Each structure stands twice: as C-alpha cells, then as structure tokens.
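Same chain, two partners: chain A is paired with chain B first, then with chain C.
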Partner chain A sequence: MRINDMKNKKMTRKGQLQMTETIAILFIFFILLLFGVIFYFRYQKIAFQEKQEELLAARAMESTLKALFMPELICSRGEAEPEDNCLDVLKLNATQETIQQYLDEYYFEIFSYATITVQETYPENKMWVLYDKPKPEFTRKEPTFFVVTLRDELAGTEQPEYGFGYVSVTVYS
Partner chain B sequence: MKIKKDVRGQMEAVGLVVIVILIALGMLFMATFALKSDPQKKIFTRKGLAYSTMSALMKTTVSEKAACYSLSQGTPKIGGDVIEDCAKYRDVDTSIYQCIGPYSGKALHSCDFLAEMVKYSLNNTLGSWNKNYEFHSQLIPFQGEEPIDIIQPVVVGGCPKWKERDSSGLFPINTEAGLVENSLYLCD
Partner chain C sequence: MEVTFNWVYILIAGAVILLFFVGLVARQKTVSEERLSGEVVEIMSSILAGAGVSEKTKNFIDASGLADYTLYFQCLDGVSEFGIKDRPARTQNSIDPIFAPHEVRSSRIVTWSLPYAMPFKVMDFLFIIPSNVKYYVMGNDADFVNEFLNSTEGIERIYVQGLPQIEPEENLQVRIIDTSGTVIPGSNVPVQLQSFEDEEVSAVVFTGANQVDFYQKQGSSWKKNNLNPLRVISLPGERDAAKYAAIFAADDQLYWCNMNKALIRMEILTKVYGGEEVAYGEAGGKLGELINYYKDDISSDCRGHLEQYNENALDALTKLSHATSACRLQQGSCADLIDAADMLKKINDKLRVSCSVSLY
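Our next item is the complex of A and B:
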C-alpha cells in the first residue's frame, strides 16, 4: 500500500514537471511567433512605404523626361533633329503663358501634381516657372534636376548664344 | 519504453527543424535587406545628370559680357573654341581668347578662363545639390603618349574608383594640338 502511494506520488510529480516543461516550451514558442509576426508587419509597412517612394520616383523620372523632350521647349531647327539637352529661350518665354492658360485642360493630364522650373545660371540668372500645381496637403515631394543648355536666338550677333542652366521637376504625392 | 524514447527523439528532431527553419527565414530577410540594389531613380538621375551636365557645358558659348578678344566672329564655344585654344597655347603666356572670368572679373588666358568657367558652372548646379564630382580635361598629343591635363582637374568631394560613381562618358574634341578628352564623374 505504502509502496503504491510512493509510486503514484513520484509519477504525479514527474507529470507535473513534464507539464511545466511543455508550458514553458509553448510559451517560448509563442513569444518567438509574436516576434516573427511583429517583425513581418514592420517589414510589410516599410516595404509599402518603399514601394510608394519608388512609384513617386518613377513618376518624377517620367515627368522629367516629358519636360525635357516637350516640343514646346526643345531646341529645333526646321525639320532637322532636335538638339538634346537644349531648351529654346524664345519657346520658354512663350510656353510659360500657354501652359498657364491650358494648365487644367491639357497639361495636368501630362504632369499631374508637379512644379517645373527652368533656371539659367550663365550668363544671366533668370528663372522660368513653367508649371506649378502642387498637391494640396501633400505628404511627400521628389525633386529631380537636369542640366540643360539654353539657346537664345536673339542674344548672339551671328550665331545664337547658348547659356547654361537646369530644369527642376518636383512631383508630389 | 523504447517506443516512448523514440517518440521523444522524433519530437526533439521536429523542434530542431522548426528552429532551423526560423533561423533560415530570419537570414533570408536579412539578406533581402542587405542585397537591396540602389533604387532605379538614383542610378538614372546620376547617369543622366553626368551626361546632361557635360553635354550642356560643352555646348555653352561665352557671353558677350566676357569680351573675349578673337579674330573670328561670334561667341566662342566652351567645348570647341575655348578648349582648342587652351590645348594649343597652354604653354604660352597669351592665347587668342582672353575672356573675363566669371569669378575673377579679369581677362584670363583661355586655360584659366576654362578652369574658372567649369568651376562656376558646376558649382552653381551640382555643387548646389550637394553632389560630389570630378571634371577632367586631358590632351592626348599623339597616339600612345601619356595624357596631359590641360587644366587642373576640378574636384569637389572626389569620386575615386572604389566609390559608387557614374561617368558622363568621354567627350572628345579634335584640336590641332591633339585629341582633348573631357569627362565628368559624379557620385553622391
């Protein structure tokens, strides 16, 4: 009788120990799982933000290229190939007004929410604000710069004068 | 008893496998972060900017305000007349073009004017956007000869080979003194 009691007590203690061990293992497992879930959701959040930034950057590139190759601005001479990295000052002066006039009807479809400026750094310091439509209450903006030469047909004596400047395209999201 | 021991052993093996899988997943995440390449925009902008800057600089003509003295008519082009003049008369005190520098406000030798003009143009664009750059203009007199710098390289921040950098590519200009190769390196 006594021997049986001893055996039962020993077995119960062993069972209790095993249960505590199992609970401890499960507790650690769920802690690890929780860490994993938190890490995964943080990663997802960062990945989503990065994706948004990537999309904005892609839009910035697209808008910059569109602005650089706009027939309204690029240096052309009759039917000859247009000059790359060159904007015509005469066209710039005229286009500034045209873009303002047809901003919502036509140019918004091309550039969406953006600001496009052309800055001359040599020989003068002139600035042209071609397109200005910032997004109301924007959260992020992405500026892109491109250096261009500015051809002025009226400045040179025999040949046109080529100035130095840059195009700045800022997109908003 | 033996069966009980086997089951326990199997369970321990499964636990080990779970731990290995968790570690592998963690390492995979870390590798994804570490091996992330530069965003497309950064590469596009740096490459495009280096090329467009060089292309624009080479096309730029010296303004009438610089009062360049020359026998030829019209405004001298940086990537043509000025570089050619500098390559030809780099060892002579006077050159054909004596233009007023944008910084010094004095009539300078074409090589000094070129150096000042490059510094002025790049400082107002790349410099104002906190970019590091290097401009080189080298004369290759004859094939196989060592290139000579016609002006001191314009270095801001510096773009050594080990740094992530993009080049504008070579902008060669054929002159009477030889071939002048101009290049611009851009890095962040």
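Our next item is the complex of A and C:
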C-alpha cells in the first residue's frame, strides 16, 4: 500500500514536471510567434511608407514634367517648335485665372493635390501662383524646382525680353 | 488503441498544417499577381505620361515580360481606361488622349506622340502601336502615303497597290489604310484575309473633305462601324496628328472619345488666349494684354491685326471659341472650327511679321 502511494506520488510529480515543461515550451513558442507577427507588421508598415514615398517622388517628377510642357504656359512660336524650358509671361498672367476657374473640374485630374508656382528671379521678383490645392491634413510633401526662362514679348523693343525664374511644384500625400 | 489514436491525431494535424500552407501559397500567389499587374499598370502609366509630353518622339518598349498579359484600352463618356485584362489593376484618365487598339498583346510596343495644334498647340496625342499589327497603306493620296511611310519607320507598314497585293503574315493583325477612299468602300475582304478572325482585320478610310470612316471585317465583307463619316479636325499640313490618330485608333468610338478630350482642352486654351470674355466678343487673357499694350498706337498695324481690321485676332478667337463648343456638341459643326482655326493662323502669321509679337 505504501509502496503504491509512493509510486503514485512519483508519477504525479513527473506529470507535473512534464506539464510545466509543455507550458514553458508553449509560452516560448507564442512569444516567438508574437515576435514574428510584430516584426512582419512593422516590416509591412515600413515597406508601405517607403512605397508611399516612392510614389510621391514619382508624382512630383511627373507633375513637374506636365507643368513644364503645358501648352497654357510654353513659349510657342507659331507653328515652329516651342522654346525649351521657357514660359510665356503673358500666358502666365492669363493662365493663373483660367486654372483657378477650372481647378476642380479639369486641372485637379492632372495635378491632384499640389501647389505650382513660378518665381521670377530676374529682372524682377514677381510670383505667379498657378495651381494651389494642398491636401487637407497632409502628412508628407515633396517640393521640386526647375529653372526656366521667362519670355515677355511686350518688354523688349524689337525682340522679346527674357528673364529667369524657377517653377516650384509641391505635391502632397 | 492508444497508438492508433495518435496516428489519426497526427494525420489530422498534418492535413490542417498542409492545408494552411497551401492556402497561404495560393493567397500569396494571388496577391503577388495583383501586385505585379498593379506595378505593370503603374510603370506603363509612367511610360505613357513621359511619352505624352515628349512630343514627336517614338519609344520602342520591350514588352516581352508582358507577353502573357493582354493590355486593354477603352474610352467611354470621355474617360479612358487602361489596364490588364481580367485583372483588377487599371487606371482611368479623362485628360490625355491615347489612341490604341482595344487590346494589345505583343512583345514590343511603340509609343509615338505628336503635337495637336488647332492652330495653337492643344496637347500631345499619344499613339500605342503594337508590333503585331501590320499596316497596309493604299490609295491615291501619294503625298500622304510618302509622308506616312517616311514618318513611321520602326512600325510594321507597307505600301501595296490594292487589296489583292496584301500578303498577310501569321500572328499579325491587319489594318488597311485607304488614303483616298477608293479601295475599301464597295469591295469585299480579300480572299487571303478571310481566314482571319473578324476582330483581327480592320480598315480606316479617308474620304474627301477631311473625313474618315472605320471598317471592320465581317465574314467576307466589310462592316462600316460609324453611321456618319467622322471629320478629321485638323489644319492641312504634315504630321497631321488628328489623321494619324484615326489610323492608330481601334474604332470610331475610341477615336471620337479621345478627340473630345482635345476639344475640351481647346475650349480652356481659348480662354487663356482670349479670356473668359472672348465668348462675348471682348478681349481678355493674352489677347487682352496685347490689345491694351497697343491701344494708344492708333495707326499701328498691330492694333489693326489684333482688333480693328476686317480679319482680326479678336473675331477669329471668338469664332474659334464658339466653334469649339459647337463641335463638341455636334460633329456637323466641326467644319466651322477648321475655318476659324485657319483664320487665326493667318492673323497670327501677320502679327509675327508686322509686330514681332504673336498670340501663340
């Protein structure tokens, strides 16, 4: 009888030990699983942010490209090729109003949430805000600058006068 | 008994684990395919955006990696859609005109952009030309035939005397360009093309007075897609973007839908040049600034060309503004648009010569 009791006690202790061991293994397993899940989601979050930044940079370049080649702004020369990297000052004055008028209905599809300005640096310091639609509560913005010449056909005597400036395109996300 | 139970348990657990991994792989496959198609659409959009602004350039895109995918292009109610067939990734655009076949499955794609001017530059037209489409040029318009052959190097095209001379190649779709409207109307599909699928053979026919018709093979005969002839809205001259657009557009519907985008931009541009008030015959915009500058110069030719002579820029721009709106609503009015654009072009030339300034 005593021997049996001792045997049972020994077995129960052995069972308890195995149970603790199993719980410990399970605990470590779940801890590792949790680490894995946390690591995966953090990686996904960083990858998503990187992708967003990449897309924003691409959109900034694309918007700058589109702004520089807009027929509303370029220095056209009749049927000849337009002048490279040149904006027409007389068109800039007019385009400011027109873009404002068709901003939501037309130009938003081209530039989305962005601000486009042209800053003259020589001979004067005039600034034209062509497009201004910042994203409400934006989290990130990416400005891009591009140097251009500014042609004023009414300023020169025989030939149009050229100034310098830059186009600033800021996109938001 | 205990041993048997363990085996069943292990078998079930194993099956569940296996199923989990099979599900995971299947899900990942779908996700990566969707991601890939999204990236393809994104890259293609960037290529098209770049090609669209770099005017008069042809880009040869190696699309061998996309040979298993079918790209589709459509345009409905002024909105173009481009994507990969049977995949969720797609992009819509209501601004840039893209003239392309409805479906493209090719290892090489040519993108070509041409500026559209009426008479001032309106926008760049982008043509998508897959390498598996062969263009057969025929008809009596020798000038256009020569111009087309010279300007389309790198594209599968050939001049043939008539329909019997067509020698179709396998795996190539066929588009016939009838430059004078003397070949396709009233004729049957040539015997050598009758074995082709109907959607693989089409024709674009230019008739007198700057008009175009689109035909599709239907068995052994030609079916005209458009009820009324469409007008090619352009000024005479080389590299006529609107005419080339008709050649590379899938059909009349895609052509007119994209042309409409150009007309919308044109309406806006007339406001840049003439201001909002140009619709009422008053000058604003760039024209207003020019008139204001020359207002004290009573005897000047410049003021005359701008607003005083019988043919002046203000009248021409007002006419152009009205004609653009009318043409958008009714194709029959597009002839007036061409006349108004031609008049403005002449006045602009005079302004350049006599005043060293120009409207555009």
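The criterion applied here is as follows: the second predicted complex is superposed on the first by the 129 of 173 C-alpha atoms of A that agree within 3 Å, B and C clash if a C-alpha of one lies under 4 Å from a C-alpha of the other, contacts with A are read in each partner's own complex, and residues count from 1 in each chain.
Everything below uses one rule, namely that a residue touches a chain if its C-beta (ideal position, glycine included) is under 8 Å from a C-beta of that chain, and two chains touch if they have at least 3 such contacts.
Because the structure is a prediction, the values reported are computed rather than measured.
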{"item": "Touched partner set for A:F146, first chain B, second chain C, both or neither", "value": "first"}
{"item": "Chain B versus chain C as contact partner of A:Y162, first or second or both or neither", "value": "first"}
{"item": "Touching partner for A:F39 - first (chain B), second (chain C), both, neither", "value": "first"}
{"item": "Touched partner set for A:T98, first chain B, second chain C, both or neither", "value": "second"}
{"item": "Contacts of A:A58 with chain B and chain C, given as first, second, both or neither", "value": "both"}
{"item": "Intersection of chain A interface sets (partners chain B, chain C)", "value": "58, 158-159"}
{"item": "Residues of chain B touching chain A in the complex", "value": "15, 22, 25, 29, 39-41, 44-45, 48-49, 51-53, 55-57, 59-61, 63-66, 73-75, 77, 102, 120-121, 124-126, 129"}
{"item": "Residue ranges of chain A touching chain B (in the complex, touch as defined)", "value": "25, 32, 36, 39, 43, 53-54, 57-58, 60-61, 83-86, 121-123, 142, 144-149, 155-159, 161-166"}
{"item": "In the complex, chain A residues that touch chain C", "value": "58, 62, 65-66, 69, 71-72, 74, 76-79, 82, 88, 90-91, 93-95, 97-98, 101-102, 106, 109-110, 153-154, 158-160"}
{"item": "Residue ranges of chain C in contact with chain A within the complex", "value": "46, 49-50, 53, 55, 93-95, 117, 119-124, 237, 264-265, 268-269, 271-273, 275-276, 284-286, 288-290, 293, 345, 348-349, 352, 356-358, 360"}
